[in-house]
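Structure, as structure tokens:
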Amino acid sequence: MKGVYFLISTLAILASATFLVSASDPSPLQDFCVALNDTKSAEAVFVNGKFCKDPKLANANDFFFSGLQNPRNTQNPLGSNVTAVNVDNLLGLNTLGISLARIDFAPNGLNPPHTHPRATEILVVLEGTLYVGSSHPTGDVFVFPIGLIHFQLNVGKVNAVAFAGLSSQNPGVITIAKAVFGSQPPINPDVLAKAFQVDDNVVDYLQKQFWYDNN
Amino acid sequence: MKGVYFLISTLAILASATFLVSASDPSPLQDFCVALNDTKSAEAVFVNGKFCKDPKLANANDFFFSGLQNPRNTQNPLGSNVTAVNVDNLLGLNTLGISLARIDFAPNGLNPPHTHPRATEILVVLEGTLYVGSSHPTGDVFVFPIGLIHFQLNVGKVNAVAFAGLSSQNPGVITIAKAVFGSQPPINPDVLAKAFQVDDNVVDYLQKQFWYDNN
Amino acid sequence: MKGVYFLISTLAILASATFLVSASDPSPLQDFCVALNDTKSAEAVFVNGKFCKDPKLANANDFFFSGLQNPRNTQNPLGSNVTAVNVDNLLGLNTLGISLARIDFAPNGLNPPHTHPRATEILVVLEGTLYVGSSHPTGDVFVFPIGLIHFQLNVGKVNAVAFAGLSSQNPGVITIAKAVFGSQPPINPDVLAKAFQVDDNVVDYLQKQFWYDNN
Amino acid sequence: MKGVYFLISTLAILASATFLVSASDPSPLQDFCVALNDTKSAEAVFVNGKFCKDPKLANANDFFFSGLQNPRNTQNPLGSNVTAVNVDNLLGLNTLGISLARIDFAPNGLNPPHTHPRATEILVVLEGTLYVGSSHPTGDVFVFPIGLIHFQLNVGKVNAVAFAGLSSQNPGVITIAKAVFGSQPPINPDVLAKAFQVDDNVVDYLQKQFWYDNN
Amino acid sequence: MKGVYFLISTLAILASATFLVSASDPSPLQDFCVALNDTKSAEAVFVNGKFCKDPKLANANDFFFSGLQNPRNTQNPLGSNVTAVNVDNLLGLNTLGISLARIDFAPNGLNPPHTHPRATEILVVLEGTLYVGSSHPTGDVFVFPIGLIHFQLNVGKVNAVAFAGLSSQNPGVITIAKAVFGSQPPINPDVLAKAFQVDDNVVDYLQKQFWYDNN
Amino acid sequence: MKGVYFLISTLAILASATFLVSASDPSPLQDFCVALNDTKSAEAVFVNGKFCKDPKLANANDFFFSGLQNPRNTQNPLGSNVTAVNVDNLLGLNTLGISLARIDFAPNGLNPPHTHPRATEILVVLEGTLYVGSSHPTGDVFVFPIGLIHFQLNVGKVNAVAFAGLSSQNPGVITIAKAVFGSQPPINPDVLAKAFQVDDNVVDYLQKQFWYDNN
């Protein structure tokens, strides 16, 4: 139902249950507040962000993550793969207002137009050449302000790799095409036909596609 | 005791147990965080704001409210009626930093001098003519900055209706006259006599009145 | 260039020069800080938000606005009209973190899918029946969390009118279809063809349309 | 005009031109940002907070203040004297979100009911015994939450002295009695008569008094 | 382990379990939110800040503290004693973004170089003369911006007393020397030898000292 | 003078004049607010953050940066080199609350103990093996909470490279050893001797060293 209501795809909804922060995340109220897995919170009670474990039980393991150096599989319809390191898999990030992502691209791989409702993104290209909408493919650091639609396309002949810092422990993501045409239950076709200036059978065709989401 | 301590009227105190946000509400840490009724929170434990239900259980009903189109009864000592739609009766507002109110006025109806400790108010007059302290009754949108005392008086011959947006999920309200003269237990009369430059029997008279509050 | 870079339509860009706040707007640092018109700021220098006039020169006129009671013309391709009252036309809103909008709908009028990058919206329907994506057209108050895509469609036989409170002095708006297919210069068609799973001539057709924006 | 509009007394208005912060002041964006005197800002242009001097010109003098150890004169109608150390007289406080006040009380001296629209106050009594509305005069530290009405009365036989920390570089102050009955131009007497349940000649009498304000 | 990981001394860690706020503390979401003792929170579950008690059970006692007027014992290696009044011992401070400290100094007493990771400090000297790093010992109010290293030395011949307001309900404290040389388990000596330009036996000597902490 | 007053090294002071944000940076008030060079601001007037250029003049160049892919020279006393990409050299970051850094390490290269007063850091190791204080050198992503002391040591036999995201447009940096022993003018040796439990000639020796700072 939410899928329709806010045009978030089902996958994004599940994400919303596990991702957790904001554009200007509320400041920490203690040195650290290591997140507990939601499953730990009794009877499905949540808070804004995440519950924290007893600080006396926190340890170094709560503050590191392994394996981001490894390339990801990009054999999918988009030819890209986003690996997020956020409060959901690096519990020590809770209350700290930042997260990270690794993005792998095959040649012609696309990270499709999307927004982060709760974070600005600063992206650094480590390998390859990305087209981010400007005519300046030579840059290797790009800024995407909070809430604005952006994408990256690998215009090089080889794989590309980028890392992104995001100003939230849970940036969230709205993949435009999937949110609009792939939400379940589907949006009233009249809305989409009028908004996108296409006739109903185009909308019908689009609503029947499989909308892969690499986020 | 709090009634005296901070000069909040009893009614305002009850409100404080159910109203829930701030001038610059902390940002959301997820797409939404539908409030649980306090009664749901085990053993009277609360958080800053409200606990949230499992996002997987959220549905469209959590994000809408019905009946604000209907006029309210203004047959009371003030001749006005404030209907608040905030996190307490529209649970989806939790963590989102905004709320709404409908205000109905009979002719000569008054929304008495009050402050919102945690919100700025922007008010739009739909019907009738309100006097808000300035000599410009012709305007139909007014701004009341956070924490400043304001009021509205229906100076027209017919009923008036206004809607107000407030920059908090729980603006709170301090009705000045009631907070000062109607708090329970009463404030030391010497304080009021000196502060208001009246003698003790005026204070005594005022402290014995019934202080109706439309909020 | 920005038009492409962040997929903001030209119109949205101009808006960004005059609209001015945020999801969790920074708190005010004084009782009020009435905005100066940008033209007042010497040599095109801006700040986060707006410069303020001397508080000694502020007057009641800075805090009210007239004419929102009047119906708007909805004779346009979308059959809807959004009238925003924000820091740009109600200067007293500067630093106060809230704004307002009136939305008029003709029968079948659509406020197309869009997001507010810096505000949550609470909408109250005054007349008519709006479809907002859920199967509950009977509600008259709806919440749209910050950054999430939403729309309203008038499914009644008569005009509809709604007022919306937004948790920012400058919510901003990204109209999805126009931002994706109507940005100038146009986005690389390969990006859109791959993202929306249509072939290049559909993208070419869409990029040649006129994208009306009621915001 | 503002005096009426928001029921701020004239004196408070002047204060608003020089006092400068918030309940949850926006965070600093550099190590320090020493305020410039408003007179320094060309053509009466202001910002949210204060302009800062070149950090290269900042020096230790910008971060200290002298003379708060000295008792203040309490020979005035209220028998109290509030000495504020805020961004206006300790320029280094700009952007740092805190300020300080010294309050001197003669026997029976009163700091009358007031609110701080942008700060919570924590008060420590150094000498004497203050009545703050509760029946516990033995405490020597008290908390007054942001926006709530509070006061202090010296119930001892000797002078009392207190220091208060406030969570803003410019807490602001609304002295209730003066804001309601002493604003210029005066509030419509009908509003006050109805709100305070007194007849018009009581209102007329009160509006003719001199309203001393120790803030 | 954390002791090493972030170079917080063990004592500071324990503090982090009980101290609770931030540079720009998230704003309150209700009139007050009196903290519950952590022991009250079931199964070692915490939140950002503290859980609150039922507001209906709040009383004046939750908002005051007694005994800060009394001098403290300064017979310790540093000759100083910091008495903090924060959310841990004045539960009503929860969500309100401010706290207080009393600092007693013996002649030559030192409050050693430290930082507050979550608060700016404004300090007022009540008795004696403190050297705070500048050449202006005559001031009696000093500001220490958030996160910057500062100290106070009693350069007078008698005891000194100061009060400090801090812009957080839990400022936190990092005592530099102890965090660097006294953390348990110890930091790799090579790191300290290289960072402080001393040879390993100096580091070894320092790591074997007892690091008294008055915070 | 500030150098002493807050124990910031001279170099850090200069940085403070050009670096510009915060732990929980104030939210943006428009889609973007590209920073102007300080030299642009008339008569050394600054604001919290940076002035912005006319948004109509903003272009894609304001939002990207080139050259971070290139290795840096690590031939210096610490064997490390920090390359910051923040609001000072990527002007589009202004108001957006995030920045980035590349850190190159020679074998045994050290990024010495330091704090960021306004940002949490999330660090990803791209090449080599860093020791960050824990006994877990195998991780490749580490979190350093705002205001806490941290360091990185290259314990591998080859060069190491890491990228760090920081939750501020201007994290700031306090390099502990330099701030304590290298500030100009020097701190009173008695303070350092007592705080670090060493005799005056050790302090004298340390204060005479050259304190290289790679930040």
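Letters A, B, C, D, E and F mark the chains in the order given here, with residues in each chain numbered from 1 onward.
The rule is simple: a residue touches a chain if its C-beta (ideal position, glycine included) is under 8 Å from a C-beta of that chain, and two chains touch if they have at least 3 such contacts.
Note that the structure is predicted; figures quoted are calculated from it, not measured.
Enquirer: Taking each chain's centre as the mean of its C-alpha atoms, which one ends up farthest from the centre of chain C?
Expert: Centre of mass proxy via C-alpha means gives E as farthest from chain C.
Enquirer: Work out which of A-C, D-E or B-E repeats the contact pattern of A-F, with more than half of the residue-numbered contact pairs in common.
Expert: Overlap exceeds half of the contact pairs only for D-E.
Enquirer: Find the geometric centre of each of chain C and chain F from their Cα atoms only, then give the gap between the two centres in Å, rounded to an integer.
Expert: Between these chains, centre-to-centre, one finds 38 Å.
Enquirer: Could you give the separation in Å between the centres of chain A and chain D, each centre being the mean of its C-alpha atoms?
Expert: Each chain reduced to its C-alpha mean, chain A and chain D end up 46 Å apart.
Enquirer: Hey, how far is the Cα centre of chain B from the one of chain C, in Å?
Expert: Here chain B and chain C have centroids separated by 28 Å.
Enquirer: On chain D, where are the residues touching two or more other chains?
Expert: If we look for residues of chain D contacting two or more partner chains, we find 1, 4-6, 8, 22-28, 31-32, 42, 47, 49, 60, 63, 117-118, 132-135, 144-146, 148, 172.
Enquirer: State which pairs of chains touch, listing all of them.
Expert: Every pair of chains in contact is listed here: A-B, A-C, A-E, A-F, B-C, B-D, B-E, C-D, C-F, D-E, D-F, E-F.
Enquirer: Across the complex, what residues on chain F touch chain E?
Expert: Chain F reaches chain E through residues 1, 4-8, 22-24, 78, 108, 110, 112-113, 115-118, 131-135, 144-151, 153, 172, 174, 176-177, 179-181, 187-188, 190-192, 194-198, 202, 206, 209, 211.
Enquirer: State the interface residues of chain C toward chain B in the complex, per the touch definition above.
Expert: It comes out as residues 23-28, 31-32, 60-61, 63-69, 85, 90, 92-93, 96-100, 102, 119-122, 124-126, 132-136, 138-146, 148, 163-167.
Enquirer: Help me check something: in the complex, which residues belonging to chain E touch chain A?
Expert: Listed in rising order, the residues are 1-2, 4-6, 8, 12-14, 16-17, 19-26, 42-50, 117-118, 169-170, 172.
Enquirer: Note which residues of chain E are touching chain B in the complex, please.
Expert: By the definition above, chain E touches chain B via 26-33, 36, 40-42, 47, 49, 51-60, 63, 94-95.
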